[in-house]
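Which chain is which? They are A, B, C, D and E, in the order written, and residues in each are numbered from 1.
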Amino acid sequence: MEITLIFWLVPSLIMFCCGVYGFITRRNMIAMLISLELMLNSVDINFALFNRYLFPGQMEGMFFSLFAIALAAAETALAIAIILNIFRKVKNVDVQGLDTMKF
Amino acid sequence: MNSVGSIILYAIVTLVMVVCSVLTVTTRKILRAATYLLFTLFGAAVLYFMLGYEFLGGVQIAVYAGGIVVLFVFAILLTGKPADNAERLTAKSTFLGVFAALAMLGVGAWALCSRVTRMLTGAAMPEKAQETVDQIGEQLLSSGHGGYLLPFEAISVLLLACIIGGVVIARKR
Amino acid sequence: MLFSNPLIYFVVIPLLMLAGLSLCKNIKQIRAVAVIGSIGLLALSTVLLVKYLAMPPINGDHQMAWEGSWQWFPQLNICLSVGVDGISLAMLLLSSIIVFAGSFASWTINQPKEFFLWLILLSTGVFGFFISTDLFTMFMFYEVALIPMYLLIGVWGSGRKEYSAMKLTLMLMGGSAFLMLGLIGIYYNSSVDGQHTWNLLEIARNHAITPEWQRLLFPLTFVGFGVLGAMFPFHTWSPDGHASAPTAVSMLHAGVLMKLGGYGCFRVAIYLMPEAAHELGWIFLVLTGISVVYGAFSACVQTDLKYINAYSSVSHCGLVLFAILMYNQTAMTGAIMQMLSHGLMTALFFALIGMIYGRTHTRDIREMGGMMQIMPYLSVCYVIAGMASLGLPGLSGFVAEMTIFVGSFAHTDTFHRVFVIIACCSIVITAVYILRVVGKLLFGPVHNEHHRQLTDATWWERLSTATLIICVAAIGCFPNFFANLIKPTFVEEIFKVFQYNS
Amino acid sequence: MDYSQFLAMKQEIALLVVFLLVFLYDTFMPQRSGKGLPVFATVLMLIATIGGFCSCCLGGTCSLSAFSGMYETSAAIVAIKNILNIGVVIVLIQSIRWANGPDMAVRRGEFYELLLVTLFGMYLMISARHFLLFVIGLESASLPLAAMVALDKKRYESSEAAIKYMLTAVFSSAIFMMGLSFVYALCGSLYFETIYINLAAQMSPLLILAMAFVLAGVGFKLSLVPFHLWTADVYQGAPTSVTSYLSVISKGAAAFALLVILAQAFGTVYSQVWSWMLYALIILTITVGNLFAMRQRNMKRFLAFSSVSQAGYIMLGVIGFNGTAMAALMFYILVYIFSNLGAFGVIQAIENNCGKVSMDDYKGLYKTNPRLSFAMMLAMFSLAGIPPFAGFFSKFFIFTGALAQGSTAMYVLVLIALINTIISLYYYLLVVKAMFISPDESVIPTFRSSCSERLGMWIAVAGIIFLGIVSCVYNWLLGIGAHTAIFQ
Amino acid sequence: MSPTIPILILAIPLFMFLLLGLLGMKMSHKLAGWLGCLGMGTTLVLAYCTAYTYYFGGDFVGANGERLMSVVFNETWLAFTDKLVISMGFMLDSISALMLVVITTISFLVHLYSLGYMEGEKGFQRYYAFLSLFSFSMLLLVVATNIFQMYIGWELVGASSYLLIGFYYTKHSAVSASKKAFIVTRFADLGFLLGILVLSFTTQTFDFAELCGNPTAQVTAFAGKTFMGCSLLTWALILIFTGGMGKSAMMPLHIWLPDAMEGPTPVSALIHAATMVVAGVYLVARMFPLYLWSFDATTFIVVVGAITAFYAAMVACAQIDIKRVLAFSTISQIAFMMVALGVASEGEGQVCHHGLGYMASMFHMFTHAMFKALLFLGAGALIHAVHSNDYTAMHGLRKFMPVTHITFLIGCLAIAGIPPFSGFFSKDEIMAACYAWHPVIGVWMSVVAGLTAFYMFRLYYLIFWWKEHKIEHGHKPHEAPLPMLIPLVFLAAVSCVAGFIPFGHFVSWNHLPYDIHLDWTIAGISVTIAVVAIVIATVMYRKENPLPAKMKALLPALWDWCYHRFYWDELYMFITHKIIFNGICRPIAWFDRHIIDGTMDAMATITNKASVAIRGLQSGQVQMYVWVYLIGALLLCGLGVMAVIL
């Protein structure tokens, strides 16, 4: 059996969808961030896979993944800072409480 | 034809990634979610190694597993008791989540299959030249084609800004 | 150069007035600015009229007098193009007369500075519209004229002013939405060689809009202008809007602004797209025919003076559009005369209603009566206005309507004939509602004893109304002068292809 | 490594210099001279702007490509960056008073630093010809913004808005990058040039999905419906200065960047795909934005939805897809900057002076503060597209640009947009009504705005009045649009 | 003939109108009144000069001795097209000269009379201004050179009639009467206008000189054109006649005239008896050469006239208001003239009985103007004396007002057709023409003539005989002042002698002089009928007796119907109020407010509703936001797929 591209892509996609699911259902903001990491990770995997399988002669996908990891780190740091900021004010991290502004 | 070993490795990595990501988003204990995330990220790192992107795998472990997950754990510990169970999901939000995830899965799978399988059914991983960290470093700071000097500089500005932002927001005053 | 063209001053003078107004400190200065400015405009239009008549007549080939064109947005070929013919000159004269009368009619308005600022801005738009021959500037001035209405009605109005102001503004802007699309469409089809132009004379000369495009653009343009011309079923802004507007605004709006609609239908929709007008005109003919009768019937049962007049305007302006759609010279002449006539007399009406309302604080005819005994001057003016409206010979309404009827009757097919006959019926209905108002409001015993203390017109009110009456009578007594001035000679030329002949 | 390549990025470098100077000032100047920072930053930015214009005038149509086609600059790009610069200068002038307020004492410098970085990110978005650089630009333009949104730490709404923005922004960028991975899978490169060439024979669901995700990602920045839901909350929660910045600058940059992506990466081969997508997005954006704006009473939220619907009009310039439309787009952005900043200037002045942001509080404003209400009215008229104010011209030109194709579908689209202008006129008039017509409640007392506020307002009003009438601005942009080879 | 005098004839009344209208309020009553009289007197003299020159000057006699139609001046007023031009001009021919005489005479007398009658009334100056306006308009109408000028005059007389009927504008009845008069005639004018449109469109001219001077050419223009089974010419002529029906109060458009009696009595004499109401007759006479070509149209005229004549006479028998009686009598007499015109034609351009009817009609118009004005002015004197229109308030006035009595009697005799008073001669010619056309019409008209004599003498007896009322509060009826008596006496004199004018020498259908021969048989019958009728009236009303009451009891329904004018007014009220007002106007107004306006408002409401309906989208929940985001992106993809497929 050959392990072709699609064999890798599907788990990656599932990971992405898990991220989507988690983001939409989890009420803890940190859990949402964790879900986001899943999604970003899935994107990284995709880039690496495409690069490796389809365009082995270059490294653009790999570099994209590299930078994406850095971006993800930056995002997470900033997001956690804001979440902590909120936690200080309302003493919880429940995303559904964030509805003072609506309609 | 892949070796049996690599197939087994594939199976394990895939299983870990899929199961752990599912567990990440379904477990009711937030600290466990972070742990499962860690396993997922490790799985991805192994995947990178299998693909031959050792550098990327290293970065994945160092930054993701070593940095981000620790950050999460800190945040979790700061914002609540780790033993706390998350509240039960309402049917509505579960439905919406499942619906969105399945829709995404369906569309994504359909799109990928329609294209990728047609081109590459049965195609094994092609050979590639093993790049060294040297090359990676060279390319990262090159300004020619395929060089990433500009993004590298740009992301440094971004990271600086994120530091400033993080500081200004996280500090108490 | 720009300022050597006399037409530019129709925009420059109002702009100077705006500047002057913003420097004014007290009501006296404001009045002075308003009066001097409006006299200036009146003088300018009169002088141009005299000069125009002295000119050798401009025949055919889409020419105008005092044509001038200055590039504005060269890449889009947008120019500030001006030019007038007898028709626009007549409209300019009408506008300046009404601005003049309106200034006097709002002699004692509160917050005069803001009021006159908006009013003059409105008239800038109106004048600009009439002198423009460039579709872009035309449209721009058109919208400039529309928007001050909102504040004028909203701030200085009465009754449900906020609702009415909003309704009026939105409906008219709705019309102009269609219009804008139509105009841009015309631009993109204005020539065969890709050198698109906004200049309507050039477009007419090029005659490049294909019939398929015309079929799309004609309804857009006609409806766009028709909304302002109070065409059924887009007229409902008119009763509410007029009822709530302050006197001078009603005057300007009904007197001039509604003419923008008719003028635009004529100058843009029909002039530029005769084939589609020929083909699709019947749809609008039905609508305008309905307007004529419908407005008149509606006016019969209203009890608010302004509503009566607003519906009467619907009827009369319907007649304008109706005649325009007949595509022959006589009917078009009639349509333009009707614009002049309706402009003047409806301004007179609204001025009088405003003056009466200012005294009695009601516009309900059921609450008033015997005004003839209390304020004879205003009442006599009202009767004269009424007579003009119902088409008494010697006043302007008669000549306009007769020209329209005679012209329209030249259309030989049964469909048109039937509508002409229906339109003719309006003269009877008009008589009914005019006499109903005159009878209830002016004649009969005094209803409300408190009204006995009311005074008759002041000098500025007399001046305002007398100006309008003199103009109404002038058109009514010497119609041929005006008919020759405005005779649209090019109409026959455009529609020659379709063999309309009278 | 060829560092001379950086010389192509004059504006970015100027910006980074400003950033650095502000950073140094903030870090090393004593605490008591902190009050000088806003003026310092504003002046520096002004100098940078003027410099940008000078280079633009001197350099002529300087189309340059650097870093092997990763970065590009051209007359149009310089122009749009200059336009953004102007907007930023106005924002900075208007925010001087707020930045000098007591609450901001400890984060005054950070506000300017973050703002400059986001601007830098937008520059990158505009100039990027490689998707990685684009993504970095996008992130630079949105991550620090989240911090800026959270800057008002006294108000809980500020933090709430920030986390909402953060979460949705990261989600959006995840989707966007997913789309990019598909693009990469199809083309094997992230250079626009290569994508443009390799995409030609790649029609597949994957491409469509990629386009949809890319559009969604940029649409998020532009707040196109249905990717706009963060907009209102964030605009409402953020400090007003940040809101005004957010509403005009990032929108303008994203619109232009989208145009570049469509023109240079996706190209016209599959234009029927993305143009239909845009078509739907435009209709939805304009309509839904209007429908929401109708009911808003909070001025900032109101302007948020108004900006959503304005984004739809901006997109008309993108879907028009030609030089005229591009010029119209840039002009629209410029006019929109002035009009919206005019409105925000008034809101800010009032908020700074008496803390009111509700439309109901504006009742009778004309009685107490006639100049402010006049400025507000002009801004509203301009946004609604009433002549002779600039908004009319920009709307007219963008419609003209969109109709240049002459397809019936485009006529329908423009008609829908035009009908929507009526709804928009309605709610803009509601503000005018509150100020001029509604019974005199005079919640807001008479006050005198600070110098900077007045200066900002005058600039905005001058722009509103003169940008349209003085034709050279548009002519200049049209000239650029005609000469720039953005459309291949 | 130089145009100076004709221009002055028109200009002086117009000038007087403007003078009195604009400056009247600043003048004293006396000055205004005498100015008015002076102006009208001058006009009278000028008009007489003109008429004299025309009839006797010899300049206007053609080669065959026919009287020429002469356009003294004709200035373009409004040119619709090259051919369709409205001119303002002055046309002199036999009938317009006649009308000039009639109008100026009566108008001057009324001016004079009003000095006494209207003395001390509020708005005296206004009254004279309106009288001048009326005179101007009427003169403009009769001297019209083209049909549109006539229409203009037509409208103007309508308006001045409106103003004068509503002179007592504080009285509710006067206001509504004036309104009614205007609207009914306006309705008729619509027909006139349409007629003009049809006629002018086909013939391409408004000019009478062309229309009537060369009727065959116009008829050719109409050849073969039909509409709904009737030739277009007939349609045009009937439509034009409709205008005449309105002005001349023919059935069914007569209802305004009785109500018009709300105006001051001299006005009734001038407008609603002598001049304006015969404009319809004049119109048909003017267009007579064309009417000759449409037998259908003339038959229509005859039928309408005959019915109207009988109807009005019936109604007149049962009225108690003396002015109403006179009004119905006027209607009846005008109908005589109409019938006479109708019976002059035999179709296809041929006249019946040498066109006697035409001459007779004009003759009757002339004599009727005199004696009916006399009767009205007499009635005015009576009303002036007793301050009531009701004969029950009068009775036995002959002792108090001898001059009025005598003149009134002369008027009654004239209208009854007793020789040698003028009415006998003119009516006899009409009878002759009717019998010549068709005996049925002859008999019918004879009956009407009998009724005429009956109701006039009924009126006469009820006013002047019977026992006088008790004099209350020392208010004794008194003879009218001199300015009122002079016109009475003058008119009475004219009524006595006018019959002996050889009218045929002045007016005939083909303008050739024509000798009147009294047809003694018919004259005998007429006189007999008249005498019998007078005798019956004498028996019934000479003294107070139970006969009328018995008669009433005998035919209660008939009397009721006559008294209520056959319920025409009620019918009209029903149509206008119930059907048009409540059935058309109100629904339309409702429709406008609720459906049309409602649609516009509904658009706003729907927008608002939609706005509220989708507010849930902005729930404040980030997770919902991204959900929508994701689904939106996927749908966008779907759209892209569709775009590719399509």
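Simple rule for what comes next: a residue touches a chain if its C-beta (ideal position, glycine included) is under 8 Å from a C-beta of that chain, and two chains touch if they have at least 3 such contacts.
As the structure is a prediction and not an experimental result, all values here were calculated from the model.
Asker: Using the touch definition from the top, list the chains contacting both chain A and chain D.
Answerer: Intersection of chain A and chain D contact lists gives B, E.
Asker: Of all the other chains, whose mean CA position lies farthest from chain C?
Answerer: B
Asker: Taking each chain's centre as the mean of its CA atoms, which one is farthest from the centre of chain D?
Answerer: That would be chain E.
Asker: Hey, which chain is the most central one here, using CA centres?
Answerer: Central chain: C.
Asker: Out of every possible chain pairing, which has the most C-beta contacts?
Answerer: After tallying contacts for each pair, the winner is A-B.
Asker: Please compute the C-alpha centroid of chain B, do the same for chain E, then give the distance between them in whole Å.
Answerer: 102
Asker: So, what's the distance in Å between the C-alpha centres of chain D and chain B?
Answerer: So the centroids are 32 Å from each other.
Asker: Need the CA-centroid distance for the pair chain A / chain E, whole Å please.
Answerer: 96
Asker: List the centre-to-centre spacing of chain A and chain C in whole Å, with centres computed as mean CA coordinates.
Answerer: Taking the average C-alpha coordinate of chain A and of chain C, the gap between them is 65 Å.
Asker: Residues of chain E that touch two or more other chains: which are they?
Answerer: Expected reply: 615, 618, 620, 622-624, 626-627, 630-631, 634, 637.
Asker: Tell me, which residues of chain D touch at least two other chains?
Answerer: 132, 136, 139, 143, 146-147, 150, 153, 162-164, 167, 171, 185, 205, 208-209, 232-233, 295
Asker: Out of chain C, which residues touch more than one other chain, so two or more?
Answerer: 170
Asker: By the touch definition up top, name every chain pair that qualifies.
Answerer: The set of touching chain pairs is A-B, A-D, A-E, B-D, B-E, C-D, C-E, D-E.
Asker: Hey, which residues of chain D end up touching chain A in the complex?
Answerer: Contacts found on chain D: 131-132, 135-136, 139, 143, 146-147, 150, 153, 156-157, 159-164, 166-167, 170-171, 173-174, 177-178, 180-181, 184-185, 188-190, 232-233, 236-237, 295, 301.
Asker: Looking at the complex, which residues from chain B come into contact with chain A?
Answerer: 1-2, 6-7, 10, 14, 17-18, 21-22, 24-25, 30, 33-34, 37, 40-41, 44, 47-48, 51-53, 55-56, 59-60, 63-64, 67-68, 71-72, 74-76, 78-80, 86-87, 89, 93-94, 96-98, 100-102, 104-105, 108-109, 112-113, 116-117, 120-128, 131, 136, 139-140, 146, 148, 151, 155, 158-159, 162, 165-166, 169-170, 172
Asker: Using the touch definition from the top, list the residues of chain E that touch chain B in their complex.
Answerer: Of all residues in chain E, those touching chain B are 623-624, 627, 630-631, 634, 637.
Asker: Would you pull the chain C residues touching chain D in the complex into a rising list?
Answerer: 72-76, 78, 136, 139-141, 143-144, 147, 150-151, 154-155, 161-162, 165-166, 169-170, 173-174, 177-178, 180-181, 184-185, 187-188, 216
Asker: Can you name the residues of chain B that touch chain D in the complex?
Answerer: Interface residues on chain B, with respect to chain D: 107-108, 110-112, 114-116, 141-151, 154-155, 157-158, 160-162, 164-169, 173.
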